[in-house]
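Note that chain A is present in both complexes that follow, paired respectively with chain B and with chain C.
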Partner chain A sequence: MIFVLGPHLPPGHGSAQAAGQVTDNTVLTAIMTPIICLIVVYFVYALIAFRKRDGDEEDGSAIRGHARAQSLWVAGTSAVVIFLAGYGTWALLQTGSGGGQGPTPINVPKGPKLQVQVIAQQWQFTYRYPSYGGMETSQLVLPADRLIELHVTSLDAIHSFWAYGLGVKADAQLGTDNVVYVKTRGVKSFDIHCAELCGLWHGYMFDTGKVVDASAFTAWIGQQKKIFEPVAKYMPPFSTYYVPEPDRRAG
Partner chain B sequence: MELRIAAVAAGTAIVVALLVWYVVGFLMVSPSAVTPQATQRATPTAELTLQTVAGLGDGFSQPSWVSYLVKGKAGQWKHSTIFTLPAHALVHVTVYQFDGASGLRNPFLSKPQGVVGDTMTIDGKTADVLDPDLASHTFAVAAYHLVVPLEGVADDAPNQCEDAPCTMDKAHKTITFAFRTGKPGKYRWQCFVPCAAGFIYGFGGPMQTIGYMDGFLNVV
Partner chain C sequence: MSAVAVSTHRSPLRRLIGFNLLGAIVLGAVGYYVGWWVGHQITATSLDYIGDSNQNDIALFLAYFLATVGFLGGLGLLNYPFQRMLGHPASTGHEEEDTRGWTKYIGFATDHKVVGLQYLIGIGFFIFYAGINAMLIRFELLRPEPNVFPAGQYLTLVGLHGTMMMGMMTSGILGPFGSYFVPLMIGARRLAYPRLEALTFWLLMLAGTFLTSTVFYGGFPTGWTGYAPLNDQANMGMDSYVVFFALVGISMTLLAINMLATVITMRAPGLTWGRLPIFVWGVVSTSILNVLAAPVLVTTLLFVLLDRTAQTGYYLSSVGGSQYLYENLFWVFGHPEVYILALPGFALVLEIMPVFARKPLWGYRLAVAGLLGVTLLSFTVWQHHLFMSGLNASLRPFYMLSTELISIPTGFIFLCAMGTLWRGKIRFEVPMLFALAWVFNFFIGGLSGVFLSDVPSDVTTHGSFFSMAHFHYTIMGALVFMFFGAIYYWLPKMTGIQLNDVLAKIHFWVMFIAFNSTFFPLFAIGFLGQPRRVVTYPSNLQFLNDWVSVSAFVLGASMLVFVANLIWSLVFARIPAEANPWGSRSLEWQVPTPVPSYNFERIPVIDSDPYPYGVEPSPRVGGPALTPAGR
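After this line comes the complex of A and B, so read on.
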């Protein structure tokens, strides 16, 4: 299970967090497989062994407890659950596992980070790069082999930023900063979806992001700054979240 | 007893059937597609002419809702937001803007993007950005990373249009731009300005209904 199926489990190895999720899925699958096999095999055995035969009009045998089997089952499954709770907590504390940690993250990876803000709105994600003058773009491009600090927020409804290939998923809420860490690896493209039902075009709220090498990223940033220079004067200062005014423009 | 069970079962089946009929009907209803003027050359071109109105007026199912209208081949205005366009074509768009400004929640969307030259014209003048507070609507196609902000009519402008379709003697702004379509497909477009008067945050009603502030480009 570990060596055959494990390397092919989702979500792949597009980032350190995604690779960690593959490991977690492998551990879960390896533990659950013998338990599921035991249940399925016994279920099939019971169907065959205890089936009603032709001409058999008597009641079935009385069901009685078996203290040893029951104790073994309760102890075994409890041990599995406790182990998985401990393992899950440990895995979360390693890298955050690609999930949103809220405005004050418990786990902050060490080292320099590139901040990127993800702004959700009905029905598109846009992205701000505070290290580059707060520039905003409609495409997510990240440098390879960098630790990225994503700040996920929304301008209206509740959305969820899901970059499956990077193993990242975080809710986007109005007035809230949801921080996620992701360590990119090699050059790749990845799908971005909204994973929270957010209105008419929720099903169309997807895009493709890119991880590019450092020089391509620098060139792309320069190009985007030039394209969006005219709108810079209207952009609000970078903030971890925004509450657009007036709240109810047309109401 | 058996009769009661049968009656309950039949009643349940009828209610479920009605629910399914309602939901399917709601999901399937959409305006008919409109094919604007198009030419077939080596690089096909098409002319898409639209107008936005603050309220459709009498004769429509939602008379108070803000909406787009499109000009058909014969020059008549139709209430539809589904446009059929040629693939790999240059589309020249003209929008007659009869609605007032509501303002963009995200100022970033006040920069024309994904259009030829990254600019638009407003009443004949070239512009590469619009004050986000002056935006009345946007025409945005996410798949093309296309966004064009549409300037609203001033609140105190004389002779404002009240019923659709609006005529050119009413107060309006004229916005033009061009974009290129890609491969055949069905691409959604939308308005980003929360312009749905009377709905919380301006995002309900016409902003959530195909045929008003949302639609499709049928690229063929």
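After this line comes the complex of A and C, so read on.
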């Protein structure tokens, strides 16, 4: 399981967090495999060995329990569960797992970070780069081998920013700054979906992001700043979240 | 006790007038239009945006409310309270019911067996309807781009399917089989509150009708979770959802109170808690969940109603509220709801297995501990639905642990099933096939749940087709399979007619294979990155989606085999069933078929556990179990 299936489990190795999830999925699968084998073998054996034979109208044995078997089962399942919870917690604390941690994250990786804000609205994502004048683009481009600090928020309904290949998922909520960290690796493209039902065109709220090398990122960001400059004065100042005027019947 | 025959010579026209279903529909319609009219007369400064627009939520809520009152009044549900206030003597209404013939099945009834059959037909109808919606969803997903339904209609289909299934199936076992068999299994002549039982059924039918009516008001875009603030944006079709789930919640609560009161107070002499059939323990644990969880849902929806009508902002962060409040409240109900659906299935499996393995239930106390353990823990896990929401990051390890802990009592159920088969004489009759299918399906459902309870893994699986596959394995693979298992097991007692065994086995095998062929590939689709509830998806996932759709159509066809079996067996063949075709030793099989109006001529005395297999002579068969107690 570890060596055959493990490397092919999702979501791939596009970031440190995604690779951590692959390891996590592999461990879970490896733990389940002997349990599955045990249960399947038991049922196949029991259903064949204890099937009613023709002409046999007798009842089975009046066995009502077995204290040792029950104790063993309780101890075994408890041990597996405690291990799973312990391992999951350890894995979560290693990298933050790529899941949204809210406005006060508890797993903050060390090192310089590039802040990028993900703004969801019905029915598209846009991205602001606060360290580049708060410019906002409709395309997510990230530098390779950098620690990224994503701030996910929404302008209306609940959305969920799912960068599949990076192993990132964080709900976008109005009035909330949902922080998630991701350490990019090599150059690649990745799919972006909204993973929370957000209304009429939810199914069309997808996009493609890119991880590019440092020089390409610098060139792209420079180009985007020029494009953004004429509209910068009309934009609200950068904030961790935005609360538009209430619109009680928007869509 | 025998029914007194009363001659009722009334003309057909005269029979139409009175407190019956026709009267209920008429008064319900009157109530609807009165509510609608009153709603359009309400004006206030803060509400002036409503005007004559088609978005008058107040009018629709009032219409639904008065339609409910009118319908229940027309049905005769209010008669007894008024009669009692006027000094009439107390009565269960049984004697009068015995004179009504088949019409008692389409009206207000106090016989728990009649209500049980009403539940079976009513819930069966709405499940069939929700199943058709599922077929339409899969038809749409045959192609990556929309090909039949526009996006809005597709979302309404998704919402209708999920909401109808989740709402109706909360009572899918307790309603039909709990109502019918709990009194029989505990040696009682009736349920504690017969009229309340009837009320729960008709509330559920009204709820289903109201939800269906959403298509006339534009549908709703939120799926079964109804998240804010999308539920506030939505047009009037959302009101149908709100009223549906509120009525379902009220019905669930009352049904559970009735079941608990019955089991606590009306057990036959000698039927101690340690001798209760495991199905009754399942009903008790589910009822505890119902009583504690369903009122949360009703209250949650009350605030949605206020947000949509009185312009409050409980769930709207744009005006000072919080969508997190809705998410939390919904899942405080919503996760116990999953176990409200699952626990009766657990109990049914353990009820059926001893009969067909010809063995006592192995580990009875462990099984009870499993049911109660799941009940207790199910209230501590809800935030695993919100791992990605940005809420309480520091609490994620706790919810990961609590969610995984629930595997332990669930494992008890598996162990008891495994132990019951050990050294049995297993008979592969149709109810047993469904019970074994439950083991297979719920095992996959349970294991896949581990991925969703683990935060790092949940990043990929949450909100994807993986989670959809998981809960279909746990709900359809477990509950719906056991719903059918219970039908094949108990219908001979309920109707006195034997179902066709060949058609039943065809139904089972086609359903089992098609179910797994439909939902197993969804794990892969989710792992490959397809989110739930989307009308379009990447073209590289078309083959898998097409496979799933075709399998789903075969799954749908298996239901037609079931319907054909019902029609053939109950209408045409009508082969009388034996009084106890499975050789069960449970109390409900020891009463005659058809079951007499008051179940037991004398209340039995119970002097053994419910599964005396392999014990000679069996104390429950024709022996001391039915010894008259003289009351």
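The rule is simple: the second predicted complex is superposed on the first by the 244 of 251 C-alpha atoms of A that agree within 3 Å, B and C clash if a C-alpha of one lies under 4 Å from a C-alpha of the other, contacts with A are read in each partner's own complex, and residues count from 1 in each chain.
By definition in this document, a contact is a pair of C-beta atoms (placed from the backbone, for glycine too) under 8 Å apart; a residue touches a chain by one contact, two chains touch by 3 or more.
Since the model is a prediction, treat every value here as computed from it, not as a measurement.
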Greater residue coverage of chain A in the superposed arrangement, chain B or chain C: C
Which superposed partner A:15 touches (first chain B, second chain C, both, neither): neither
Chain B versus chain C as contact partner of A:156, first or second or both or neither: both
Partner chain(s) touched by A:204 [first = chain B, second = chain C, both, neither]: both
Touching partner for A:136 - first (chain B), second (chain C), both, neither: first
Touching partner for A:224 - first (chain B), second (chain C), both, neither: neither
First (chain B), second (chain C), both or neither touched by A:236: first
Which superposed partner A:26 touches (first chain B, second chain C, both, neither): neither
First (chain B), second (chain C), both or neither touched by A:168: second
Which of chain B and chain C A:102 touches, first, second, both or neither: second
Doubly contacted residues of chain A, that is, touched by chain B and again by chain C: 156-157, 199-201, 204, 244, 247-251
Contacting residues of chain A [partner chain B, same complex]: 119, 121-124, 126, 136, 138-139, 155-157, 199-201, 204-205, 207, 227-228, 230-231, 234-236, 244, 247-251
In the complex, chain A residues that touch chain C: 9-11, 17, 20-21, 24-25, 28, 32, 35-36, 39, 42-43, 46-47, 50-53, 56, 58-66, 69-70, 73-74, 77-78, 80-81, 84-85, 88-89, 91-92, 97-107, 152, 156-158, 160, 162, 164, 167-171, 173-179, 191, 193-204, 243-251
Contact set on chain C toward chain A in their complex: 49, 55, 151-152, 154-155, 221-223, 225, 227, 229-230, 232-234, 311, 313, 316-319, 323-324, 327, 357-366, 386-394, 396-397, 400-401, 404-405, 407-408, 411-412, 414-415, 418-419, 421-428, 436, 439, 443, 447, 450-451, 453-460, 462-464, 527-529, 531-538, 613-615
Chain B to chain A touching residues, read off their complex: 102-103, 105-111, 113, 118, 128-129, 131-132, 140, 142, 145, 147, 188, 190, 192-203, 207-210, 214
